[in-house]
Every structure is written in C-alpha cells, then in structure tokens.
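Below: the structure, in structure tokens.
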Amino acid sequence: MIIVLKPEAPADSAERLIARIKDAGLKPLHMPGAERVVLGALGDERVLAELALDSDPAVESVKPILAPYKLVSRELQAHDTVVDVGGVSVGGDRLAVIAGPCAVESVDQLHETASAVKAAGATMLRAGAYKPRTSPYGFSGHGLEGLRILREVGDDLGLPVVTEVMDTADVAVVAEAADCLQIGARNMQNFALLRAVGAAGRPVLLKRGLSATIQEWLLAAEYLMAAGNAQVILCERGIRTFEPATRNTLDLNAVPYVKGKTHLPIIVDPSHGTGIRDLVPPMSLAATAAGADGLIVEVHRDPAVAVSDGAQSLYPAQFEKLMSALAPVAAAVGRSL
Amino acid sequence: MIIVLKPEAPADSAERLIARIKDAGLKPLHMPGAERVVLGALGDERVLAELALDSDPAVESVKPILAPYKLVSRELQAHDTVVDVGGVSVGGDRLAVIAGPCAVESVDQLHETASAVKAAGATMLRAGAYKPRTSPYGFSGHGLEGLRILREVGDDLGLPVVTEVMDTADVAVVAEAADCLQIGARNMQNFALLRAVGAAGRPVLLKRGLSATIQEWLLAAEYLMAAGNAQVILCERGIRTFEPATRNTLDLNAVPYVKGKTHLPIIVDPSHGTGIRDLVPPMSLAATAAGADGLIVEVHRDPAVAVSDGAQSLYPAQFEKLMSALAPVAAAVGRSL
Amino acid sequence: MIIVLKPEAPADSAERLIARIKDAGLKPLHMPGAERVVLGALGDERVLAELALDSDPAVESVKPILAPYKLVSRELQAHDTVVDVGGVSVGGDRLAVIAGPCAVESVDQLHETASAVKAAGATMLRAGAYKPRTSPYGFSGHGLEGLRILREVGDDLGLPVVTEVMDTADVAVVAEAADCLQIGARNMQNFALLRAVGAAGRPVLLKRGLSATIQEWLLAAEYLMAAGNAQVILCERGIRTFEPATRNTLDLNAVPYVKGKTHLPIIVDPSHGTGIRDLVPPMSLAATAAGADGLIVEVHRDPAVAVSDGAQSLYPAQFEKLMSALAPVAAAVGRSL
Amino acid sequence: MIIVLKPEAPADSAERLIARIKDAGLKPLHMPGAERVVLGALGDERVLAELALDSDPAVESVKPILAPYKLVSRELQAHDTVVDVGGVSVGGDRLAVIAGPCAVESVDQLHETASAVKAAGATMLRAGAYKPRTSPYGFSGHGLEGLRILREVGDDLGLPVVTEVMDTADVAVVAEAADCLQIGARNMQNFALLRAVGAAGRPVLLKRGLSATIQEWLLAAEYLMAAGNAQVILCERGIRTFEPATRNTLDLNAVPYVKGKTHLPIIVDPSHGTGIRDLVPPMSLAATAAGADGLIVEVHRDPAVAVSDGAQSLYPAQFEKLMSALAPVAAAVGRSL
C-alpha cells in the first residue's frame, strides 16, 4: 500500500503513520520527495485496508498495490474452477447453455418452453419463482408453487434448474428445490443474502450488479467463498450507462478481464444485457467468442404474452437457430456445445 | 400509453393490439401515420404496464404517459407529508439535521460523538449496528449489542435514533430499538426488505440506490407505502458516475425535481455524496439552498481512527462550524434550524 | 410526435398548440384523457423538433415517434452501404482489418510495423500525424511530416491509409495525404469539423464519442451525409462508464443495434475499447462474432517504447496470432478475411 | 510515480525499468515485496508520464503521485485568480451573474432580453452566434451577423458579452466581437481550438465536457494557460449520467473540489445542468451556497418560441425573482451580487 501525504501535512505525520503501520505488524517505507512525502506499507493489504489510513487528516490518498480479494483470485489458485450443477459442468471445454422463461407462469408454459430449449441443445433450465420487480404492482412470481413446478419440470426433462433467491428467509426452500441458486443483479451487494447463500451448500450463479465494478463483483464472490462455498459462477448481465437504446450495456470486456483475475467460471446473460430480442443472438455469439464459459438466455413459448421480460425473450424457433449459429463460433474458439 | 408499431408490422397488428387493450378494460386510439402506425391506450397505466405490449413482435416502442407510481405522487396528495420521528419533524419548516458516526463502535465513542452533535444543534442521531461492507473482511457492525448502545445513548441524550436494517430477519429487532429504519443504497431494490420494513410500523429513511433513477427510487418508496407505511423520508446520497475525484456524484438536481413529483420529504447525505470531509460543509449548504428538508451527516469524535468511513466523517469542531454556517443559508431559503 | 400536457395546463393550451402544429404544415390529433391531455402531430418530425414544443410552459413532455436522422437511416436505404477506401471494401463479406501504430514516430518505425501487419493480413494502415492528447505536454504528432511518411509507407506497401484530422484548418492537407479521414471520439460533435470533412470528398471513419448515445452518433454521421459525403464508416471504440478496470467499456451491443438502424458499415476498435493489450484479441473475436464489418487495431513494433498508447498496442507476433484466431470466427459468421 | 510489476515479470525487469527512470533524469526507488515488486520514481511526473512505463509488459500498473497539471494548480499559485471581463470581475467577492438567451435571434429579441436581465441585476450578457446542434437540420446560429448584434446590444447596455466559438477559423472574429470566448462542453477536448483560443488574448469561459473528469477539465484549462492565457473561468454545466429525468446531472461536488485544486474561478450553468426551467432557480441558489463564483443562466423574453433551449430558459420575471432569492443566499456565504 502506498500512502501519499498532503503537502501541508505537519512534519511529524510520517512518523505517526509509520508507527501505526508497524503496530499493525506491517513493514513501513519512508520516501520523502520534493513535493510530497510518500509512505509504503508492505504486508497483508486487507489488514491495511482496515487501518483506514485515508481517514487521517495528513493523508492525501492511499493506493493499494494488491487486490482486496483473495480466495477468488487466480494468484491463489491458478487453474480454472469447474462448477458442477446437477451433473452439468460450468467452466470446462463445453459451453453451458442455460435457457428458459423469465418466470414460472404455469406447468404447461414451463414444460413446453423447457422441452423446446432442451431439444435445441440447452443443458440447464432457468425460470423465476421469486421475481424482483421495479414496481410493487408487478407480478412477483408464484413463490413456493413456482419452485415446485420448476423442480417437477426439471426432473421430468432431466435438466438441472437455476432460480433466483431474494430473501434470506427463502434460502432453505430454494436450496432444496434448485440445483443452483441465483443471486440477482439488484442483490449483488445484499451482504446478508450473500452470507446465507454462501452457507447453503448449493452452487451459486452470481450476477453482476447494475453499477458494480468488477472488483466489487469479485468481492461479492469472495463473500460466498469466505462463507464456505467454492461453487460460484459469475454472470455478466450488462451494466447501467448513459445509453438509452439498450436496456443495459453488456460489458463483454469483463469476460476476458475477469478470467485473468479469477479462477471462477463466467457466463453471460445477453437477454438482460441488451433487453432487445433481436440483439440476443449476435451478442450470444460475441460472448462466446470473448471466452465466456456459457450463456443464460430467456426463451418463452410465446413471448408476446409473457408476464415479464417478453421483449427480450426469444421465440423457441429463434433459440434453435441461435444454437445452430453458436456451434461453429464455439468451435472456432476451441469450445463445444 | 402510446404504442408505436414497427414499419414492417403485419397489417392486422393494430387490430390485434387494440383488442388486447380493450380486453384490459382500457380505451384504445388508432393513429395511422405515413411512416408509422401509432396506437394510444387511455386508462390506468399500471394495468397497461402489466400487459407488456412491448413484448409483441409488431411493437417498436411503448411510451408511458403517466408515472408508474401513485401513492407517493403529488398528483394524489398535493400537500407535503411531514414525517414524525420520535417527536422530530422531517418535512416542515425546520431543517432536520441527523448526525453521528458511521458505526456504533462503543458506548464511549457514541456518547461522546452524540453529545457533541447535539450540542451543535443536531436533532437526531445516526449510527450503524449492521454495516454493509464491500469486503467480507471488513467490520460489519456490532449487531444487537450495537442496537442496544444506540438506544441507550439516544435515550440518555433525548435524541431519536436512525439506523440501517439490512436483512428481513432483523427488521423486528431494529424496529424495536430505533425510531427510524434506514434502507441503505445497496438495498434500495431489495424488494423483500422493502415489504418487510413497509410493514414494520416505523418511519423509514430510504436512500437512493447508487445507480437508481429517480423513478425507480420513487417506486421503491411506493413499495413502502403500498405495504401500509406512509412515513417515508427520501435520502439523496450520491449516484455512481464516471467521475473518480469524489466517492459519488451528489445529485442535487434530484432535490427540487423530487419535490415536484412527490409529497414525501427529502433529505441529503453529503458525507456519502462526496466521500471527502472537506466537501461536506459546502455541499450541506448547497443541499439546503436547493430545498432539502434536512441533512444526514457523518461525525466522529476522532475520524482518524474511525473503523469505517473516517475519510468522510467530520470532526466535532467542523460540524459545529457547519451548523453555524448553515443557519443563515437556511434562513435565506425560509427554513430554520 | 406525441405532446403530453401538464395536468395544470390552462384549458386553452391544447387549442394554442394545435394551431402551432397546423401552422407548421402538420396534422394535429387531440386525445383528451382523464389525467392528461395528449396531443399528436403527424408529419416530418424534424420540422416538429424545430418547433420546440417542449419549451411551452403547458407541455410536460414531448415524445418523438421517428428517429431524427434520415439519410443514414435504413428506412431510407434498405441495402448495406459498402465504402471503398483506396480499393479496400468496408461493409461487404470480407472483414476490413485496419492496423498500425498509434502515432507516426519515424519512417523506420512505421515501415517495420506496417510490413508486419500487412504480412499478417491487415488490409489498411492506420497511424496518427495529429494526435489528440489530454495533456498539453504530451507528444501531439509530427503533423505534415507525419502525413508525408504515412503516405510514403502506404504507397510503398500498397496499403490504403487512415489518419485522424482534428482541425478544420488541416482538412485539405489530410484529405490529400490519406485515403480515409478519421474523426476521433473527442471530435464526434465538433460540428464545424464534421461539415468540413463531409465536404472533403474522402471516405470518413467516424468514431463514437466517449459519451455519445447511438442516436447522437448517427446524427453526426447525418452531418457528414448532409454535407454530401455518403462514404461513412462508423467505429465503436468504447464508451465512458463507471468501470475503472478498463480504459473504456466497449459497447458491442451497438454493433447489431446500429446495423438495424443504418445502412452504413460499422467497425470496432478493441484497442481503445479496452486499453489493455491482453484484452484486444478476445474482444476482436467478439466484435467479429457480433457482426462488425471490420476492426481497427493498434500494433507497434515495440510497444514498450511507443510514444503513445503502448499499453494497448499489440506486439507484431500477437497481431499475427490474432489474425490466425480471427479466421475461423469470421468464417463461423459467414465472413472472410 | 509508483510502478507495480506483474507477479510473473522476469527477474531483470526491475533493473531495466530503473535504468529507464535514471536515463530520464529521475530518482528511482526499489521496493521488493512478498507478492509484488514495486518501484518508485521521484521527479517531474510529466516527464514520467511521457516515458509511458505502463506500456512495458512487465508492468501491472502505474500510479501517479502528483497531478498532471501545473499552471492551473493551487500548489503553484495559492491565491485566487480574478478574471476581468470587460470591467466585470469573476472570482472575487461579488458573484458574476451572466444571463441571456441561448441564441441571438434578432436585435429585438436580444435587446429586450438583455435589458430585462440587466434590470434584474445581471452583469454580463450571453448569447450564441455559433450554436452547436446535435442535428444538422437544427438552427446553427446567425454567425457574423449574430456577433454584430451581440456587440451592438452589449455596447448599448454597457454589458460585457460572452459567446461561444466552435472553429479555429472563427477565433479571430469572435475575439474581436466578444469580451469573453466560450469553449462549449462538446469542444472541451478540441485541442486545436484550445490552443487557438489560448492565444487569442481574451478571457475564456471553459465549460466542462459532458463526460470529462475534473482532471481532464483542468488539463484543458492547462492547455489555455500553456498557450499564454491566464484569464480562464471554469464552468460546471452538468455531466452525462444514467439519470434521464434531467438533461444532465449538475455536479456541484465539482465546485468545492475544483476550488481546492486550482486558483481559477468557477461558475455554474444551471440551465444546461438541469435542462428544466423550474429547476434553474433552486440550483442557482445551491451553486452559490456551494461556493461558485458566479452563474450563467439562460433567459429569453418568450421561451415558448425560442429557437433553441426554450425548455430550460427562464422567463424574465422568473429571472428577476431568482435574483431576489439569490441575494440572501449570497450574503449567507459571504458574497454579494
């Protein structure tokens, strides 16, 4: 950690800060310059972060040298983590393609959609029983009944299921029903939920928050790992920017960047990442070419009457066409479907 | 609601959509133009929103006419809501000044800080017992013990207390200990928490999310009101932008804008809104001049050793000086301290 | 265009606005609703935009129905424009790969780099003679001498050359030396430059501004076309967001979105779009998979000593490897190199 | 400057980089740590910036210690610069209030508006003869004729005039007609224009770019000062964020932050900063309370028929009311009108 003192800092500031660094069991460095006094502190940066030296009135800025996360870091584990979700691998050579409707609406709706995506090559089923909705007047999911339908359809078709959990009070029931728990974008920094899901013993799909930096996202994953869960899948789903043409700005830069920083697998959600049905296929191909370990795609048997997210849901025939187009792109980057 | 059809939409699309609008009990309008067919739908826009006409493949875009919130709207209630927090009004002529440390660290630390802010003119005490922390390795608050200390110090000094609740499981205990429940920026769209806090029977301080639009923020307040709680205080605390010089970008535009849209009071948090101690006083004055109903300011008896947010916490002497500077600005805009 | 009146608008407002709409030669519509009066205006939206009805104190909001651009719109021209740059097509089946150093530093530097990128398969050469630099103390290019070198190296190797022009005063000399004029991100809304370059009779590479919406970008292209130049290539190069991990956030959503709106070709700059050398190859593949018509990539014979943008410049060997990896991805989406 | 090496950097990297630092005439430091080798370099950071050590493949990151600007820095000049614009001071105790219409439309329109703002207390006149317009079909100003009218009206009323210049080709004529040259937000990084205006011998009003960091803005001011012009007024006018409710997000944090970093005066433009007429008065008060040295406000004799920016222009009566409200706020922060 590098500590830059203010030009007007009293003469004894450096001494005082060096003492605090030493007290924390770290090694201090003193670098007096012409225009600024700079201090260094060698050792565990997480200990240093807790010292909060930037609170000191003599300090102009603090610049960390090491990343604040550890368990998720590729420096700790060089090889890729492969997460097993009900028998389907996420993170290996084969792309994981998760598909399904935004919400569980009925047995029929889910079964028909799930059958279609399975036939087209999807290997996992997604659908929400608990739905985050911007308005209190929107459909917020069928809850327990939705979970039951999801489990039943997944079992019937032999597809592992992924579904969102939004409340610590629901973690146990969702963990019983689902093969993988999703933490949604709006809950990425719901730290109570991260801790509860981290302790639930199920693989986790961790979506990036709408305005989360990559570092904050990896720290959210660190919460899960620190709670004992190493089965974490990251999911880029678009960030919020000034651009109104698309629902979000899908940040595919994050895919290769994250793969350099962590051993955890990363998949991409082009449905929320664009919000526009016609952009989902090209962005699915782009995500794959960028090196993503998989995709999560919204598909509905009849998007025009979907209760939520219909505008970004593919028709089954579009999904089938996407899977055909995906195969050669996956092959071009050394992956299979 | 205005529905614009795609230029290539099949000829029967308008008819089909008009039928859906009628079925929902709304009045349709048909406006065929040279380059686009435009439909109108008159009636409750929330019903229309649930129809999700933008999912229809014939639809290019949907433009709502009315705001999606109702209970919080000034169109429903023209006069200002004044929230009573343990005898202190928020929303009336007198500015509400809430001050205190980021976290409850100890009885001593809180009592000394609270005494100082009370002496300087603060009318409410803030301090966290449950702290959201980006890293799992940070101090996350003293929990129940923190609540107990907060209540004790508040009672001792006769200051109503505000504190954050982060988990639905904690709502009951926090509601018992605190006069006002804070929903933090990261939980603004934690809908399970909004419902639980809305039902808890205590005034609520609802912080704006880091990347929440004003409309989403008002919809979060609508969740609280729809759950039966009309005692809602909005709190602007800065949004996330590209600017790295400050921790957040305090959006003071939101103050007069929000006051035009809702009857709820709005206060400003210049501490998180800037992240820099020296910017807190001028931005407190600016918030007041912009028409805010109050301030929430972090003050610590010794910020240099605060366990969290020290860099943005005022020294007690700075807070005292701020209060002196605030009085004439408040008077200039017709408010008192 | 849809005009929504304020609830408190005086009773005669609709009449007055309808008169203004008629005076402009457009057809008005009157849609009185329970909570708002809504007006429609059918006809040329550009005429309506100039009426600026949102300035009227009775108007709450104005919602355009049609895009404000015309010449660049796919509604005007359904088939793709193919731009010819010195014999190289941009916009057809073959991907255009433009490569070269950030700046012309010397004949040797440029010739060696250009030879390497040509050998690897690049079909066009890029290098700056006029360099936009954030600081007045940075190297700002060799100017006329740089242009001379660029032309000489291009001619020697048979590569068309692309270079930036930053000042209306330089348009003539740059147009004489280069096959394609680049308008940089910082000048995307330098309207005087757009008009001058639009009249210069050379193909134009129009980079997206750092904070330009797609609509503003297409309007900048409309400036060029309105000035008589139909040979416009759009270039997505990353937008500015809150994410500090990468220099910019490459917005690949823009690629398929733009192709739906305009007939103009679009290429991608993964060098500025990421700012990090190691991210350039995967994002080049992603851009291609997303449907881009080409790439513009910074390559330097020795990036470690480049005078500018070295951190994002590829080594020649990396570029060669990228081209090998690119071929199967291009083939997978029906393009060739 | 702090240079952090990659963990996998070859053993001789530090030695090589230290040699480069020495060759540049700077003093190197070597700080080998357990997880990273860190280097320091003491001396002129602008020399170091040009070394571009982040281009070296062994380097993970580079962290500057000093700001990249010098002439504008308060470290170079501790006392406030007061700019004299035709006899009106900007930067002293008295607030500078610049008002007028967006564009010069006619002698009548300008004279009537200017008379009204003068009567209300404005001390300088603004109006555009060259207007940046997003669309090529918008009114782009009356050019030379507009300049002539502006000068005439300014002289007649004894008000110094400020107007925008957009093209290096127009700098001479605008400098002849105006007392202060405005560089608009879209041209903040039009470096050719900055150099030309810097050499024109007139005070400059430098608007912040839509997505410009404060550091980039100060570097744009450094361009002007490096070109020999010390008469620079900064103008905060809102930045582009995700929030659609207002045209821009007025960043008042920038006011006290900038005053800590530079000796140059800073004024605020609440008209562009909000885009909404009703928000202009409260945000004018807020800007003043935050410590701004002045305001620039759009006023039109009849905004409903203004050719541009009518929605954010005040009616003369509103401006008069604003001036009355401003006086006590200014007094509260020790300023006069």
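Letters A, B, C and D mark the chains in the order given here, with residues in each chain numbered from 1 onward.
Definition applied: a residue touches a chain if its C-beta (ideal position, glycine included) is under 8 Å from a C-beta of that chain, and two chains touch if they have at least 3 such contacts.
Source: prediction; values computed, not measured.
Asker: Subunit A-subunit D contact: same residues or different, taking over half shared as same?
Answerer: Counting which numbers both chains contribute, over half are shared, so the two copies meet through the same residues.
Asker: Based on the averaged CA atom positions, which chain is farthest from subunit C?
Answerer: B
Asker: Weigh B-C against A-B on C-beta contact pairs and write down the one with more.
Answerer: More contacting C-beta pairs are found at A-B.
Asker: So, what's the distance in Å between the C-alpha centres of subunit B and subunit A?
Answerer: 26
Asker: Go ahead and note the Å separation of the Cα centroids belonging to subunit B and subunit C.
Answerer: Each chain reduced to its C-alpha mean, subunit B and subunit C end up 38 Å apart.
Asker: Listing for subunit D: what residues touch at least two other chains?
Answerer: Residues 211, 240-242, 244 of subunit D each touch two or more of the other chains.
Asker: If you look only at subunit B, which of its residues touch subunit D in the complex?
Answerer: Listed in rising order, the residues are 211, 213-215, 239, 241-246, 249-257, 260, 273-274, 276, 278-279, 282-283, 285-291, 325, 328-329, 331-333.
Asker: In the complex formed with subunit B, which residues of subunit A make contact?
Answerer: Subunit A reaches subunit B through residues 46, 49-50, 52, 54-57, 68-69, 132-140, 166-170, 186-187, 189-194, 210-211, 216, 219, 222-223, 226-227, 240, 277, 303-311, 313.
Asker: Of all residues in subunit C, which touch subunit B in the complex?
Answerer: 2, 4, 7, 29, 31, 33-36, 38, 40, 42-43, 63, 65-66, 75, 240-242, 244
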